[in-house]
Amino acid sequence: MRSDDNTLVFDLEQPRTMGMPIHPAHRQAGYSYLLHRRHEDEYRPEESGPRTGAAGILVCGEHTGTHIDALCHQADALTLCGGVPVSEVQTSRGFTEHGVEKVPPIVAPGVLLDVAAFEGVEALEPGHVVTAADLAACCERQGVEVSPGSVALVRTGNGRFWDDEERYLAGSGMDAGASRWLADRGVVAVGADNMAWDVQGLRDPELGCLMPGHLILLARRGVYIVENLALEELASAGHHEFEFVCLPLKLVGATGSPVRPMARVASG
Amino acid sequence: MRSDDNTLVFDLEQPRTMGMPIHPAHRQAGYSYLLHRRHEDEYRPEESGPRTGAAGILVCGEHTGTHIDALCHQADALTLCGGVPVSEVQTSRGFTEHGVEKVPPIVAPGVLLDVAAFEGVEALEPGHVVTAADLAACCERQGVEVSPGSVALVRTGNGRFWDDEERYLAGSGMDAGASRWLADRGVVAVGADNMAWDVQGLRDPELGCLMPGHLILLARRGVYIVENLALEELASAGHHEFEFVCLPLKLVGATGSPVRPMARVASG
Amino acid sequence: MRSDDNTLVFDLEQPRTMGMPIHPAHRQAGYSYLLHRRHEDEYRPEESGPRTGAAGILVCGEHTGTHIDALCHQADALTLCGGVPVSEVQTSRGFTEHGVEKVPPIVAPGVLLDVAAFEGVEALEPGHVVTAADLAACCERQGVEVSPGSVALVRTGNGRFWDDEERYLAGSGMDAGASRWLADRGVVAVGADNMAWDVQGLRDPELGCLMPGHLILLARRGVYIVENLALEELASAGHHEFEFVCLPLKLVGATGSPVRPMARVASG
Amino acid sequence: MRSDDNTLVFDLEQPRTMGMPIHPAHRQAGYSYLLHRRHEDEYRPEESGPRTGAAGILVCGEHTGTHIDALCHQADALTLCGGVPVSEVQTSRGFTEHGVEKVPPIVAPGVLLDVAAFEGVEALEPGHVVTAADLAACCERQGVEVSPGSVALVRTGNGRFWDDEERYLAGSGMDAGASRWLADRGVVAVGADNMAWDVQGLRDPELGCLMPGHLILLARRGVYIVENLALEELASAGHHEFEFVCLPLKLVGATGSPVRPMARVASG
């Protein structure tokens, strides 16, 4: 959509509905929005005029839908990024360090690495592993660079399966090397159109863990991860460089926040 | 804070904590964030490497903390903005029209009407009523205008009481005329540093209802309301004009969304 | 188990876990129990001694797990049992009439109608319809009667599939005639080892609705329904007559309550 | 109320409503019941007959309202009753040992120790400490004994303040000696008409902790505690001996369960 200053704004959030894909580890909290207060409940025009209100309740894990991971979401040998021992900052109400309220408003140069387009497919196959070499080649082909202070978004094409949980969760992702390559370029945050950035179920042989990108980016390098991005419209429009804006909610102590990021480009 | 392109970014969201002020009508849903999955739960370094994750659950009304009201939040004689009968679009999962997912990313010129400064006080007294004349005089004194397509934020000074629920809820607000005056100027959205824009408990004699601004703005004029803004820092810095960015979550069907708006100004 | 007065007590509640079968209509509220406060959080033996506490949060629909339906759960042409118009008693916080808090502690003669045993199967096939004639024949075969003021429990054998949601939900149930037959005998409540008493997906040709037993029993005859009972142990022990005790929580306004009913029989 | 076999049944549960007294430690989970599915939502008589359903969502801590504490609720130097180390059985979904699902249906002789009546007051004063000597004297005066396998309920008179949270929470309770005296008599469970059995804010000098009864009964002696009982009606009727029935929900892993206990006495 066109904003008032003639920039174009692309909405990178997937819609939040009951039934959207949820990572198995977060299904216990899930996602529900239920309306309880309805307009007719308080409609007594003779006593209180024509105005009425309605309201609901939201119950969700903070890692459902399009969201950003706070640094406290991941630990490396029970230590958070920067050497903070988990035992000193973890409480029943969340973390007293590296909670998502510590993430500043993110306003940064953004670059879209369209790996699906690079591979010539609509979406990478389930289990497809994106490597550092893939990202480097994709940058070269697109004629873009990943610069310090920027945000790198990787398109796998998986976002088109948002309405199909089984297919969505079976998506592709980045290996440890791809995460390292981006961190080495000084990014503030990374993001992708899949559930968990990393390839589901792929153990890194060196680190010995699943989801190595989470360890490298959040716990070791202080780089935020944005997941479940909607990148199809931005990619279709052919924009590989933009201003990326992401405003995480200050849910004090939480390990992440639902977000509605946007990409903004100067319009023709 | 300074963003990468040398603009200054002001964070307009109040922190979200258990114990923050909540409007009595929304206490039934309330606000809780509870951590359940902790890092040590899955720490088995020999089997699965050094990486662990933590996560929580969020339970809240969508009108808690800094938030935006969707148009479906209010009705006028059981009709939503634009003549949509409530009975046709209201479901247990929210509204099929005018839900908050229909609110676009808001990127618009913003103006701060600092009524507290205009009155020469740190914060308006509880019950103080801000009128159209006050807003007009404040604009003149500040040398600003409220233009079509812009967002007008009114500072009452109440935001400094965020840690004191009783005092916060006793704050001041706008009368029907002030809301009309802003709608007449073509604003996209309004916002204030109080719980509910309108003066709590003040019935409008003509409309016969409490919270007349909610009726006028949301149900009649299609103007969004942002509540519980944190405006102290922006006001202290003396910025009355800025770019206002607000990215409501697409909680499909919901009557509002928590948000973290920002004000952005060109830096010296 | 043997109680202190040498009666035998049979526990008729299925265990409540995340992952237990939930009726599709109630998945939006779902069932979660998450521990947030942990013992180590407050363990400071030198300051506050050796004692610590732990606690969690429960989020669920009232129709999950073994539960009783309150009369307000069902309506007949928007009228509750006894002619109460829904519009007069339905609020955002539940019902002001016929809420589950109005259900008394149920202490009544109970009879188990073991239809699965009667049919000579471990469990009735998915879609199997239990009729009034089946119930009558089962009573005769068992040598029992359904008396006024009693509670009739029907065993379909479906309870053995509690760990298999797909099979559990595909279970069998009662037709309209079976519900009428029991209501005609003056029962206070009925119950079964399936999700919803009635046969899922079976429309009653005369009433024109799905789940006719819900209409007949709750909305027309004032008979409570208990669902998802665990009847295997009681049936294996061969007890067809017992004292039935069910103590619904007084969740004011709610349309049902989770319960742990018991059957009590004189021992040896 | 009179049950079918001419016993009298007394309902010992306080009604559950938003606004009922909640212990400060459990306010983060709180208590909400909200109706979302309403009868009119699915009322399409020509297509689907006259039947409709309504349903809600329950969000609560398991220690709200009348409830029973499971043994895992309390620990003694990070060890649960019977020497189970907390670290081995505590998970994000609750406890794998001593969770409330392990509490059997409680059907036991009950005795009411009416300390308020013994002291000749309607309710003990806030902060009043009930000792072992008080309980012994009360038994003697009432002509009752606390026997092995029984359940002892102590009436402080505090239950009459259920509608007044401030006064209710300021109630009286038992000291360490009273808890020990009951445990020494072999009770299965104890209960009272206050928020937390123990005297709020009273540190035991020997054990060095607040709420010594919780430590002694749950963590050391394996005795369940039932809190927030409604004892006024039972006391008014003058019944000091009865059958006590309490059927905790099998919320797998949870540290307690809401319950509706009953006292049953042979009627005249």
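So that you can tell them apart, the chains are marked A, B, C and D in the order they are listed, and the count of residues begins at 1 in each.
Here, a contact is a pair of C-beta atoms (placed from the backbone, for glycine too) under 8 Å apart; a residue touches a chain by one contact, two chains touch by 3 or more.
Owing to the predicted nature of the structure, the values given are computational and were not obtained by experimental measurement.
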Minimal step count in the chain contact network, subunit A to subunit C: 1
Copy pair subunit B, subunit C: interface residue numbering same or different (half cut): same
Pair in C-D, B-D or A-D that repeats A-C, with over half of contact pairs matching by residue number: B-D
Interchain centroid distance [CA atoms averaged], subunit B/subunit C, Å: 44
Distance from the mean Cα position of subunit D to that of subunit B, given in whole angstrom: 42
Between subunit B and subunit A, distance of the C-alpha-averaged centres to the nearest whole Å: 24
Where subunit A touches two or more other chains, by residue: 18, 28-29, 32, 34-38, 56-57, 59, 91-93
Topology of the chain contact graph, where touching chains are joined (line, ring, star, complete, other): complete
Subunit D contact footprint on subunit A (complex, rising order): 28, 32, 34-36, 38, 56-57, 59, 92-93
Residue ranges of subunit A touching subunit B (in the complex, touch as defined): 1, 3-5, 7, 9, 11, 13-18, 25-26, 28-29, 33-40, 43, 45, 48-63, 65, 72-78, 86, 90-95, 101, 104-105, 107-109, 149, 203-204, 207-212, 214-215, 219, 243, 245, 247-256, 258-262, 264
